[in-house]
């Protein structure tokens, strides 16, 4: 394994699509987490990109599990390691489908039970593994193979759902801000009890933009305010730098929407709805940060 | 069926425990909903109290379904009635376990898809049907058969979770305020799209208080601020009268805790935690009502 | 065919005469009762007639809520 | 026994030489490169060495992110 | 109309003709195109259906149950883990006597993740009260879906039907397909026990032992009556569309000394093996089981039996072999092959027949 | 120590002695007391276990899987709909080669809701790679749970074990129970493939057809090796605790002309019927199947067989009868009885034997 | 074999009474089983339990249709159910009743268990507990020895009131 | 029976090309099946498809191990895989290559499909689409008639560029 940095736990190379931000996120998550870590991964792109038995490109233990099961499997692992007195990080790394749709029951249960683990949802806003069907996390107006005319329902607000569980640490992040992400992973792993990070993960084939624009897309999501970066410790909110900046001088939302093939044919009304929702979200976060609610 | 009021859709009698507020809630829900209604009921006390085949004490169509399935079954029913052009009310009536634990995935999915139905969770804060095990909705410190020393985790905040889905109508209610409840049911059924009502349902055997105190318990929950009554239309909150009153002059929380056998042995610290959480909830609601977040 | 499909039919007394469960029986003092209807509103089993506030003792389970809630204390619970 | 239990072993190139997927190849102009490390930070596949910023073309998929993100425009994508 | 289609698209095309009122389904490889295609039909207006994009398979079947009990025609599709995940509701659908039609694209079960063909997924559901058919061509997939609705909705049956097709091997292969006008072939759905505020009843209430026992027996009675309904439906279909099917698909069986018994596409591959073996002087025949539930009476007489299972019941044996042994009360050569998409060619099948060891079990390629 | 206990409490008592590191379970009638009792043990400090109060059975089994793969001893319990709901993970546990022990309290499946005894729930899981035992007394429930851990954790097996007891009939009955010190009977758990950052591996990755096929075959190989492990364990148990068990529990079979074959408590009731029949001059014997997976070789010779199924596979037949027919290649009198808690007394069983019609199926009490 | 059917209402402790009977018999060196018949019943609804006692291991799990003994912890049940069904003429009936009740053709014993429970303060959530008192009464008719009854009670209950109530019932029971 | 193995990379349209071949053969009055061999592959990874063409219905579902034809849409695959494995001596190979490549012992045809696609503007998301051009080339070697090729393309594509590209390939292909 020569030529590999110590902190690289993903060996060259996974079978992820060229330009995949999900792999980028995982690279940085693992580097931040270090070697005493076990990953739990449900069915998703990440379960596929590891490679085919008997080889794997992941240089840490990875437990692949059924689609709905990641938070619950991680619960059991965490309890068992605790019983042994081990401090091993248990990280569930799941897609948006495996989190907001089929996986929400297990996640919500694990949070309520104050499971000591870190749950990371990388959000490519569709079912990537099966070829881009809509998920609950697909934004309004986005075309997927099951919403050929654009999705008619809003993106499920995972963060508010998780926030409702009032956990010691949760954060949002984005693949275009890997250092911010790494810092949040470190804080999350230093937390006793449940921690959660929701990472926006632009996906070239799913969002239909050229692979080289993956970082651009992530930055645009944050700069336009469609995606907000912040941390939440129980009820205390701290907005992260890039979003703070975006709140002062946001980039017009069209700059984010237009380059993405999945938004082809989106109506101006839908764009307005997305914009208003983003603005409301930012206002709520600002109010929460201030402590006015 | 002589001697029965027109609006009584529960025939004398169900096999509910004496003093059961769940039956009381259902009486008023059905009276408000009227005859063009179908109930969907998962495994819970309500699935048992109907009576044994071939008889039932419910005088409206009741579709009993598997524990996790109510919101999804109701989705299918609602879609089918819509396809037929029928306006029949589809009401899922589920316990807290069937809602916040095993049923949360289906509920969250149905809300995200903007299903046209009313979901009512009656919350007796434990698994009544199986003999009072803890549920995610059991409050901190309460003894159940699986938390013999008192629950170590907080009550899952179902209302914030539902609120995160930003639906056209949601409300909380309490069996001790049946007219308030009935009004909310009517509004909910007049809503196009998903509506949700969360009703606190004091339960004599579960909470371990004498049956005649069911109404008292419900009133104390509201007066002490442990339970808040309000409505939410998308992001707009309207706090209901009794809670408004409680916010001005709350009854000490001990008056609610002390009469309940399930809280036997609760520590003063736990009581304080419950009180602080209630106060925070009320503050948040007030801020939301004001529109300051 | 249809009866093979396990449909339950609504009938009065589907769960038996639950009045037999009772240990204490509600007794209304007509002199004191001011017909406010609160007892009927709160009876979980709907056995208090909404018009004349008579109690159907075939089904009343004797929970005592009506007696507890009656603002006039017009109802007393008496041992069966 | 253990080998019967389907454990995958970490090896370099577990998913094959993904360099063959490439249509365009990143070429770094060493004159322009100021060693800021941004390309390496953003390469989804970690094929850019963190010390010398050399690109492992056996594995580089040619996504073009490094070229796109390089603040100095030191990387160009050239048709294979 | 004669066209080409994959197995998955044939299923979707059949659904379009059958016009269910509600489709609730969840994607999973290799079934995905069925869902996507239906979503497309709904979006382009060529299918007037409520498509419910549920958040899981448990909810997919639950939503179908909710729709079906209103008396509405309902369809779903799944595969493998999806079928396992909805298992509780799969049982429920049959117990509730709902004529839901489901396509299951047969796929192996994890761990490890494997998306290729295997029949264990649907065979594990063989006790649930669903009728089950296994098809072997794109055309048969289409035809089976059409007939499934008519059979399921027949009041003598009122049970759900599962149409099974091999993952990738059939779901993703392109073959010719006749897409016909089926108007009138399936009578409008009438569900005697549909739920309605006009006639309120309790459904699925607590049921005491004696009543429960009778109600369960009634499922079995309908299962038995379904034999006749299947036959009538296949006859009507043949009369109208000139394609005829039966409980089994038999090829050169009449004068055979040895029968190869299979499910799904292996049955077609077996026919090629049979031709090869006949050329070698071995009087082989192929018997492909189409309807696995109700399990048909088989005419195997005294012929030697080679049963190929693309499935397994650990600690017992091949599920098909076991069914054959139980029915024929005879030994067979039980071959376990093709699990997890393992390739099995007609040459391999011919080899199984040549080297048969009646009374033994053989795991193709791994067993010494 | 000699005491009294219900079946459920015996299971919990055995778990207390076995000391799993993690228990994750979800309540369901009639299993509830097992969970409650374990929660009590944990609360009163008499059991040093992490009890995870999961939010569903899918998560119960998932949590057990997560705990087990770390090399920790793990237990859960369920019943009926709980077992159906966790079905995906039940399959997973076996495929992942995890020695989880689960008690299943056999109960009927809805709709309509019915909480009484029936074996269809666990028999539907018979293909999953779990070993399955069916017990008939409170003592046997206790002993079986103890032995299950030793068998499951044996590296020749590394498969999960399901201990099945009849809902209410056994779970809620009170009988005598010897609770013994089992120290040393179960070696400390050593899982060769436990997950650990010290030796990183991928578990359950995508697996191609050939590898998948071999890995599945390995499950079957372990299933076969489990015969010996079961025998050794039962021998060691008998040596130490003087209670001996086998694959079957046979009563007056040696010289019998007709055998009654059953699962669970019906097998004890059948012994009383056998005594009655013997008094009448009918040479009956009772053969209670204990281990259903791996399915044991049966010595039925040429005796007539009366098989009682408290379960059913619609469109096929009683599951036990089918297994018996497949293995013996002989006809039996297949009685379907006791489903959904239907009462079946020794008098009824004697009647089945007296009026046996070999080759036929009879639904007790409803079938003309 | 003794085959005992015990009638009570949900909440009165009938199921525990059945277990106590089994335990006491068992301490007598006999075999015994106790089985509640479970419906979906709530507090107050009639409940039936079955107890078998024999010299040999008991292999019967089905219900008792022809009891040798019938015990009724709440005689109001007699208004809604035929508690004597299946009992052979001359069979034994034990009734919880303050005043003697005679039932033609049966050996009938009456004892005021409720009174005893109230007197000894054996009351939970307002309801008198009848399970230990009835054990005293049954010891009196010789279903098991007094020592075994005491042993059984002390194994299941720590509160000494239970022993007192059982003793009181033993003494008050007229045979 | 023609047994054709088609090599391409994810994203190049190999699976569609296989379907087109089947459809064209079918419009010729023959039977045909086209099957992709599915791995968990992403854009850019090598993909194989199998096509069988026969006068009689095709009952074989297994892979093709001894193809009569091999088609390579991306010749860089030849560096990583032996595309000729199983092909009998004298078998037919069609390569997408701007310059002729000779493969000893095989009937080899080269045609610049990529060039044609780029020239006719058949490009999606930056990648040249090769599935319709290759149909033209295959018509040229007589795998099916030109009319059937045209019919197949028009049934699956509306954009006229596809016909143009196929025609160009038909004309450029040297036989």
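Labels for the chains are A, B, C, D, E, F, G and H, by order of writing; each one numbers its residues from 1.
Heads up, the rule we're going with is that a residue touches a chain if its C-beta (ideal position, glycine included) is under 8 Å from a C-beta of that chain, and two chains touch if they have at least 3 such contacts.
This structure is a prediction, so every number in the text was calculated from the model and none was measured.
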item: Least hop count linking subunit A to subunit F through chains in contact; value: 1
item: Third chains touching both subunit H and subunit G; value: none
item: Chain whose Cα centroid lies at the greatest distance from that of subunit C; value: H
item: Distance between chain centroids, defined by C-alpha means - subunit D, subunit F (Å); value: 54
item: Mean-CA-position distance for subunit B and subunit A (Å); value: 32
item: Rounded Å distance, subunit A centre to subunit D centre (Cα mean); value: 23
item: Multi-chain contact sites of subunit E, meaning residues that touch two or more partners; value: 53, 55-56, 58, 81, 85, 88, 92, 110-113, 116, 200-208, 211, 214-215, 343
item: Of all residues in subunit D, the ones touching two or more other chains; value: 6-10, 16, 18, 21-22, 61
item: Sequence positions of subunit A contacting 2 or more other chains; value: 15-16, 18, 47-54, 56, 58-59, 64-66, 68, 100-102, 104-105, 108-109, 112-113, 136, 210
item: Of subunit D, residues touching subunit H in the complex; value: 16-18, 20-23, 61, 80
item: In the complex with subunit A, residue positions of subunit H that touch it; value: 39-45, 125-126
item: Residues on subunit A engaged by subunit B in the complex (per definition of touch); value: 68, 100-102, 104-105, 108-109, 112-114, 136, 153-154, 156-157, 160-161, 163-166, 235, 280, 283-284, 287-288, 292-293
item: Touching residues (chain side subunit F, partner subunit G) in the complex; value: 3-4, 30, 115-116, 166, 168-170, 172-176, 265-266, 268-269, 271-272, 343-346
item: Touching residues (chain side subunit F, partner subunit E) in the complex; value: 58, 81, 84-85, 87-88, 91-92, 94-96, 108-114, 116, 120, 123-124, 126-129, 131, 159, 203-217, 219-220, 223, 226, 293-295, 311-317, 319, 322-323, 325-327, 329-331, 336, 339-343, 363-367
